[in-house]
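I am attaching a structure below and will ask some questions about it afterwards.
Going by the order they are written in, the chains are A, B, C and D; count residues from 1 in each one.
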Amino acid sequence: MRIGILTSGGDAPGMNAVIRAAVRVALGNGIEIIGIRRGYTGLINIDVLPLTRDEVSNIVHTGGSILESSRCPEFETELGRRKAAESLAHQGIEGLILIGGDGTFRGGALLAEQTEIDIIGVPGTIDNDVYGTDFTIGFDTAVNCALQAIDRIRDTARTFERVFFVEVMGRRSGFIALHAGMAGGADSLVIPEEPLGVEDICRRLIEGHRLGKKSAIVVVAEKENPGYSYQIAQEVTRITGFESRVCVLGHVQRGGNPTAADRVLGTVLGAAAVEALTEGKKGHMVGMVAGKLLYTPLRDTWEKKKELNPRLRELMQMLW
Amino acid sequence: MRIGILTSGGDAPGMNAVIRAAVRVALGNGIEIIGIRRGYTGLINIDVLPLTRDEVSNIVHTGGSILESSRCPEFETELGRRKAAESLAHQGIEGLILIGGDGTFRGGALLAEQTEIDIIGVPGTIDNDVYGTDFTIGFDTAVNCALQAIDRIRDTARTFERVFFVEVMGRRSGFIALHAGMAGGADSLVIPEEPLGVEDICRRLIEGHRLGKKSAIVVVAEKENPGYSYQIAQEVTRITGFESRVCVLGHVQRGGNPTAADRVLGTVLGAAAVEALTEGKKGHMVGMVAGKLLYTPLRDTWEKKKELNPRLRELMQMLW
Amino acid sequence: MRIGILTSGGDAPGMNAVIRAAVRVALGNGIEIIGIRRGYTGLINIDVLPLTRDEVSNIVHTGGSILESSRCPEFETELGRRKAAESLAHQGIEGLILIGGDGTFRGGALLAEQTEIDIIGVPGTIDNDVYGTDFTIGFDTAVNCALQAIDRIRDTARTFERVFFVEVMGRRSGFIALHAGMAGGADSLVIPEEPLGVEDICRRLIEGHRLGKKSAIVVVAEKENPGYSYQIAQEVTRITGFESRVCVLGHVQRGGNPTAADRVLGTVLGAAAVEALTEGKKGHMVGMVAGKLLYTPLRDTWEKKKELNPRLRELMQMLW
Amino acid sequence: MRIGILTSGGDAPGMNAVIRAAVRVALGNGIEIIGIRRGYTGLINIDVLPLTRDEVSNIVHTGGSILESSRCPEFETELGRRKAAESLAHQGIEGLILIGGDGTFRGGALLAEQTEIDIIGVPGTIDNDVYGTDFTIGFDTAVNCALQAIDRIRDTARTFERVFFVEVMGRRSGFIALHAGMAGGADSLVIPEEPLGVEDICRRLIEGHRLGKKSAIVVVAEKENPGYSYQIAQEVTRITGFESRVCVLGHVQRGGNPTAADRVLGTVLGAAAVEALTEGKKGHMVGMVAGKLLYTPLRDTWEKKKELNPRLRELMQMLW
């Protein structure tokens, strides 16, 4: 048996732990495993390398993806996917492990319609916005990265009377903002799930000031518009008169050595993906839900909406 | 209503997140909350302070415990516990939140036999060896701390041909060793749960050498005897001829800012402990199992044995 | 003898090491030392506390300033400074240690004209733009903080073809940008000292692309206009067609535990400041130049311009 | 012109910054540069690779050495060195850059006696015990690593009454112990330069206890006998009755991403080494003393003794 593995979409710390686990479990079971470079681009162009034990030595602790990633507009066309299918057939690849987010899985599902290939998805994205797993690989690292920034700002926030806006990643979801904000003791969140207006933020800041808080930290999910914290900050300063300062973390959150949790999760899911293929499973993403492996149809991963933990949202209100 | 809160036993990063959440939820519900300093010692000697919103500001990110901890031999006597009970009655404290490990809960259970006090335990220990919760507060931080040490050694391990022994905490259990070892890509584990002899380690190291590995990392749980990695290392060098180096992390693992996961867990359990007391629950520890709050009778927390994740142990063998 | 100590202006990691050293050396020499809170504001309002050995225990490793800082417009008036002088006389303070940057020293120099007080400055600012010392306290920590962000971006930069803009602090000087950029292997710098136009950056990026570089990192000093990297990025994308991403570190750079170098420097200068006062020195800032203590007239600290190391600037060009 | 470059002895963070700078400056000056792998072993066995711009991309931030290191007993024989000389002649290498400590330079000096080769040394060792440079490359990273461990222990030290022994590297010198101990606020040092007996330590600990200190941190340089802190700790406990705990950092200090200071120093010295060779300098080590490049005859680097900063030693006594 011969399988392929690729990473696609935005890279996430812990992807290399997935690759390492998949390679070692595959080889241990007599399965050949081919690394496809640069995501669907490498699939179409047959930019591949056979993966060996050595190839995945000393990578478990590294950020990024040794297979690199890319966006591939060609793959969004039927012609592109036909080329990809031919490439797989040409190489004799019978199973394919896709590490990425919902965009990656959409592409994979379309590919599966045009070919006999067995596909298993592994959720690797810092955003955590994939249905079918409690946490995605890379999320814990990104949250801890954002948290370190908040902690550092807290050191200086005690000294001056100011409102600090910390903008974190999260296009369609506030997972990073909620977890980092709660862990960092933030005063307020601006997240896609909550249509909180600038007036609401101001009301809270003024109330905090009345209670004796010297400064405040607001965590903002970037949504579609990185840098838009500057507008919020200006508005808040105009309304409240409080000085404001902005920090936009951006891609800093994508890098760095993965945390223990992301490496352990990546290892478990990477191994499970190979075993799923050997057992004939296909068209599913393997995730970890309530401590157990769970296989979710690929389509559900983007059609169903993963909700923020309502208890954490409630506690953000209570603990403030 | 008036409740007390204390930390006892070895301190763990994240304990302050528990205290902060408990205080803010208590005050938000009109409950007075008294901090008892230095664990059972402060309970006996009435070394206490009323906790306010301000008292728990700017502590969520700090290691250690603002209430400090201690060991209290006096509390192990019936007389000592009677004094503690009188102290509680004297102060009008009706409910008590205990943050610690199984030793803390044993003491609490004995106290509950001598008094009407309602007790709720919160699992705070880096060792993770408490039944009734998937993870204890402080464990994730300790694992990441050990992992950073392994990562650093990996940088230098690539250069020289050596066996590195990294000794981590874990008196009766190998949780830290297993998680840090898996995340760090260790070659071998020495843990209380597995009667692995020096010969077994040597066999694996020699086999690894044969496969082309230049160096190896063995993670050792300290058991009852911190520093005993030196003996293992000597034995291994004697048998295999490989040079060896030892690193004993010790209390480094107890300190440092808590990770996001430990703060979120501490926050959720701290809030739940207060709510449990308001709902009349008692004699239980509140933990998080499979993503849900679970209340376990205090006695079970030490009588039942929490097992290492068998899948992770299996993967340690397969991935090597 | 009785002396005072205060921190003023933007806080910098390592200020607490200065305070600790000054207090312990003062007390060891039988000198009383008074902490003045919130900079010149606390001086005018007599918001002070006597500092003891205990008061400065367990602070050497912390960010921020235990004495807090503030900006004090009142002190900029002659009336405000007269109040400050009276406050000093009233408290019997004969010598004053000022920890801060050039704004702090300007204020101190004006105060010295109106009073008999002996003043010694200690350079504490992350910007490093103070004449009379090779490095200011806090600079090394800020550079390492910026560097960690660059390193993290590098992980992800290898995967996608993009230009990353990392905006660091530096209103009038490019010290942080130059040191972090060199240490981080940045492709280009935008600093106040160099009137590099957007066209120059684009030329370099295009040349790098031609040489096979997949991505590029540009480090930008924020100047007077935090967030202005967004404009540069837009311009660069418009001209070159390269995708761009922006990260604005902001006050993250002010916080965090100080590095070893900042604590050692802070300790040495804090001790020297007390000794200078006992020896009757005044109106000077104590700095470290070429490994030796140097006393520079306060006026020189802002009138003379400290230059970037020309060799480092040259190497930025050569190493690229 | 064609030159070679190698790393030898214990590896040190920042060595890769030296290699990167040397390669880019060499290529920029039309000089071919050959990487010799595994130190003198690769020189004898002609295990080499030509270094290109790309080869040194994305390495400036990494620990260890891309050229790897080794100990080479063969090179200690005249025959071995003759082979090395022949290897150099065979490859047409006219100049050689040696990155390492005094052992590396001794070998190089002996080699220079048997051949016409021009040799320039670059001080790369975490121990800082090389005459002719204020700091060696890797020292700042090692100190900050040890410091983080001390900081973490401080968190837990506040909670329990104990003496903590933190053993750091330093065979013949106490540089790491002194700098990390001062920055970490340690109570006492055990270093080769000071024949401090266990009784002296105990006297200080008892005095500290009397002054109200709850716990103490003693930093120990490992000398020739890693792990010997356990003996000291036992003795101290026997004499004072204080509980003690030990942490042995070991090779953790050799790894990790280099700090900004180590990368900047490595970059400057790597560039200077190439320029020295082009200017016909030889038989010298290039170092940085008082902020200036200094060339020291190789022999002096090990014959002259570099002293600990006496002011820092004095301050350790005063600040306690």
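Couple of notes before you dig in:
The rule is simple: a residue touches a chain if its C-beta (ideal position, glycine included) is under 8 Å from a C-beta of that chain, and two chains touch if they have at least 3 such contacts.
For clarity, every value in this text was computed on a predicted model and none was experimentally measured.
Graph distance from chain B to chain C, where chains that touch are one step apart, equals 2. Separating the centre of chain B from that of chain D, both taken as means of CA atoms, is a distance of 35 Å. Here the spacing of chain C and chain D, counted between their Cα centres, is 29 Å.
In chain A, the residues that touch at least two other chains are 151, 154, 158.
All chain pairs that count as touching, in label order, are A-B, A-C, B-D, C-D. The touching residues of chain C, when paired with chain A in their complex, are 10-11, 13, 62-65, 68-70, 145, 149, 151-160, 164, 226-227, 230, 245-256.
Note for the complex: chain B touches chain A at residues 17, 20-21, 24-25, 28, 53-54, 57-58, 60-61, 134, 140, 143-144, 147, 151, 154, 158, 179-180, 182-185, 211-213, 257, 259-261, 263-264, 267-268, 271, 289-292, 311-312, 315, 318-320.
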